[in-house]
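Right, one structure below, let's go through it.
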Amino acid sequence: MITAVPVMRELGRKVRNWGRWGADDERGTTNLITPGRVAAAAGLVRTGEVFDLGIPLDGDGPQPGGYRINPIRLMSETGHEQVLPGGFKWADDYVFMPLQAGSQYDSLAHVHYDEQLYNGHPASGLNVKGADKCGIHTQAKGIAGRGVLLDVARFRGVEWLDLGSVIGPDELDMVAAAQGVEVGPGDILLIRTGWRAKFLADQDAAGFMAGEPGLGLGCASWLRERDVAVVGSDNFGVEVMPGENAGAMFELHMVLIRDMGMTLAEMLDLEQLATACAADGAYDFFYTGAPLKFTRGVGSPINPLAIR
Amino acid sequence: MITAVPVMRELGRKVRNWGRWGADDERGTTNLITPGRVAAAAGLVRTGEVFDLGIPLDGDGPQPGGYRINPIRLMSETGHEQVLPGGFKWADDYVFMPLQAGSQYDSLAHVHYDEQLYNGHPASGLNVKGADKCGIHTQAKGIAGRGVLLDVARFRGVEWLDLGSVIGPDELDMVAAAQGVEVGPGDILLIRTGWRAKFLADQDAAGFMAGEPGLGLGCASWLRERDVAVVGSDNFGVEVMPGENAGAMFELHMVLIRDMGMTLAEMLDLEQLATACAADGAYDFFYTGAPLKFTRGVGSPINPLAIR
Amino acid sequence: MITAVPVMRELGRKVRNWGRWGADDERGTTNLITPGRVAAAAGLVRTGEVFDLGIPLDGDGPQPGGYRINPIRLMSETGHEQVLPGGFKWADDYVFMPLQAGSQYDSLAHVHYDEQLYNGHPASGLNVKGADKCGIHTQAKGIAGRGVLLDVARFRGVEWLDLGSVIGPDELDMVAAAQGVEVGPGDILLIRTGWRAKFLADQDAAGFMAGEPGLGLGCASWLRERDVAVVGSDNFGVEVMPGENAGAMFELHMVLIRDMGMTLAEMLDLEQLATACAADGAYDFFYTGAPLKFTRGVGSPINPLAIR
Amino acid sequence: MITAVPVMRELGRKVRNWGRWGADDERGTTNLITPGRVAAAAGLVRTGEVFDLGIPLDGDGPQPGGYRINPIRLMSETGHEQVLPGGFKWADDYVFMPLQAGSQYDSLAHVHYDEQLYNGHPASGLNVKGADKCGIHTQAKGIAGRGVLLDVARFRGVEWLDLGSVIGPDELDMVAAAQGVEVGPGDILLIRTGWRAKFLADQDAAGFMAGEPGLGLGCASWLRERDVAVVGSDNFGVEVMPGENAGAMFELHMVLIRDMGMTLAEMLDLEQLATACAADGAYDFFYTGAPLKFTRGVGSPINPLAIR
């Protein structure tokens, strides 16, 4: 059992991928998604059915206010007042939003400790202009490859896991075994906790953000051993909150993002995909989800597709 | 030759897809991307090489100001001032941007005339709150399928076509024949004019937006006959500007979007993809590009992937 | 007693100022602040003490989220990364905010009914581009003149009035009499309900916006008879909420703004001013508060000054 | 003549007001606007005529794009789609803007050098969250007092001074003498260069921002000797640009803001005020202009009033 911040740092050292893809690397574990793996993953497309994993971006999203808000989209043109040659009329809109308001990737610049980002890049390079290293634009070619869903809520037989419920490495193994799927190198692993189902049921943004069920710290080594490329979830932070150790917060974020160099995908909607996977028992698929290329950005909204 | 606005309306009636997918349809020609076609398109992945077609979203983009601006991304947190349990530090950012500032899809609500949108939906439903019909969220499952590149600039042997240069249907046939590729039902057709190459060479935003080479009105029937699902280009509006008829503007937009129900992809970067296609002569690939799910939105920024 | 919507419309007709300052007028009762009255009001400055009546614009404001948010101010430059000739370093910031997020004027375009704005201007002129008539820029010369504070909370001997507590015309007379002040033509009348004091005490944004004590419908005629130019208050909407009539909402807004042509000032902080007025018994002062000149804007944030 | 950066620093030391109003002071020369001076200034109101000195805030402003843009105001509600009790309909709008897009005050946190702000406050306190010292909210009680206009363009007999034209201290004396006005302690001094008139004539935003006529470095001591509280102008930076010394930029900004602690007012419209002053020869007036209370903000848009 992991009980103190020094242990978190020790864990970070253990699973660290610094230098593995060169001293200048800014991409981390998405390097594991090699062209060969992409090509193999495309072979997982069977019927061509497409599942969109992004949540709607509008005022009814899961942000209760505070440091992030739901997107505010406003119209700049509707066309009705325009008098243009040939009767042409056009509409346009603007958005103001946190880049991590809804379904999103955390760039590897999202989290730091002890003055360093992933791969030892100095945290001082993260300033008012953005991230000089590990910005989300460095993941521009997207995250396309083999996706695997581990449906923990279904495994437990519940609609959703409770706030604070920890998912440990043993349970990941058990879910995989029950589903008949293996998790391997370069995979995009999606964990379904049911937290999105809860929000869809109660529309309680404050409740959605008050904490969550999710991965425990023990999963870090499990993910490292399997060389998983990306972990995504239907909650807002992948990891369990409150965390397992009282004196710390977001420890798994620190270990996964800063030490392991792992991109996280958060606030996904896995509901329809999970239903389809359960129906035919096939829990892997072709996943494609590219971030928008915000230069030096810390995160990006996404709408990934799972294609079966 | 098409010479007057009444002719544009006549053309619109001729290529119109209203009612084809039901009276309530809001998706138009993306209905042509059936699961079977998606599955077939996945088979085009050979080496697994990924090309990202979105342009960078930052202050150096192609918007000179005026009714659209380049995205303004600002940091809300860098972490440096935070004192949190366990040494956790996090960064976050916000963006303010037109949804059509860079690489983007036009929703079918982007353009209207004679008080109607695609499929006869009343334009009055497009108001300060957005598009009650044909919003970009209705394309949420994305546009994933067979992509075909027609590299007109390479065919003509120029770095880029001149502003105002018209690409007609005959030339599309000639380029396809020269490339040894066929364009068929449900395809995502990408037209390379070199307009992006020009911008990369001169970084002249005002010049980029002052007009462009692009498709002529005559291409509408060509696209309709082949049942193309989506047309994208490396210019800002797909069609030639100034348009072919002095008394009108954006006529092809009106015909394609409002009459045919075709989603357009604009301001793509096709440079590296074109180089790769030229190198091995394979001009079709698996294209995946999902819009963000802006509820009632008129457009969405995108970063599509071409996977070969 | 006023009990139904038809009665509201009847009241509107009775107090209406349409045509009084010409058929094209867009300013309404601020026309009552004549140069002579401005000059006389300047004579109210005695010690030169200045009271700022605007509330802070930051994330801790009274907007709980939903259709308005608190201002989001983000830095674009701090200077620390700049290397410029002569060692020059500069900082800059941006804001995204509803124009009515905090202390603010309602323009006369803020409210309409029966398809008409103040002075019969068609409501259809209010569209996605803003207000073609009665925009806040038409009040650009500001509201400078005799300010009068009526401290209803102090009169009642309470810290703040309860949510839903109605202030009627008789009470306005009693407060004025108790304070030894008269309200007359061209005055900027400030009503203190204590609602700001409540927010300062409990920092409860949701509570602040859930309703409020304020003026009842009966005050409309009282204001009209005295030819008051502007009414301001420390609550968010001047009038009592819930309103006096179950089948309607914001009836006083409709009558004052749309019929009488009165500019409202909302969410002011009257606390320190009230203390000073109570200390020396002088309840009138020189008030100056200009809106920002947002062309076609519906409202404007303000920070008015009361100078005694 | 001042010719090098060391000389700028020497000048800064000479005119410095650090410690003058206490070690914690964040307001600088606005401390000079004492209540007594406010009261005296109110006595300058003669006819009650009001001049609004702010420029319109809209898309036609003087920002050509780049690091600042013109304000973008977008409607969130027009009322037309609302169906509310009693027929109530309301409109609302949002703005996204640089706080220094138009007429504005520079807070004392706007400029720094050698790691210090005004009064020796460490520049490190200026971070992604804003200004921990000298934020614009510290000027909340506004700038209300004796305003004096020096109309340099009229003195020279030109519509506007040329870009790069230097106004020196001797000329300030000559203009004051010609106008029959004296500049004294606590005054808000407004310098008319005609740069706004040029913009109104040519609507050339890029030209407006390309440089400007304005005060030379020699004016710093002149302002210090007279204990002027605030300097404003109709150009964008008060001082001449390009500056007098090739190896530096914004030297007067550095000396006035960081060393002297002087608030600057920029991009004012002094045209109508100047005409009125010339007509009756009275060049002083009551000036009132409060910033919006952006907590920790670096600047604030303003619409000051000159009341004669």
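Order of writing sets the chain letters: A, B, C and D. Residues in each chain are counted from 1.
The criterion applied here is as follows: contacts are C-beta pairs under 8 Å (C-beta built on N, C-alpha and C of every residue); 3 or more make two chains touch, one makes a residue touch a chain.
Predicted model, so just to flag it, every value in this text is computed and none were measured.
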| item | value |
| --- | --- |
| Shared chain contacts [chain B and chain C, defined touch] | A, D |
| Between the pairs C-D and A-C, the one where more C-beta pairs touch | C-D |
| Chain A and chain C, separation of their C-alpha mean positions in angstrom | 45 |
| Whole-Å gap between the CA centroids of chain C and chain D | 27 |
| Multi-chain contact sites of chain A, meaning residues that touch two or more partners | 72, 75-78, 80, 94, 96, 127-129 |
| Contact footprint of chain D on chain B as seen in their complex | 59, 64-66, 69, 72, 75-78, 80-81, 96, 127-129 |
| Parts of chain D lying in touch with chain A, wherever the complex brings them together | 72, 74-76, 94, 96, 127-128 |
| Contacting residues of chain A [partner chain B, same complex] | 5, 8, 34-43, 45-52, 54-58, 60, 67-68, 71, 73, 75-80, 84-100, 109-114, 123, 126-131, 137, 140-142, 144, 245, 247-251, 253-254, 286, 288-299, 301-305, 307 |
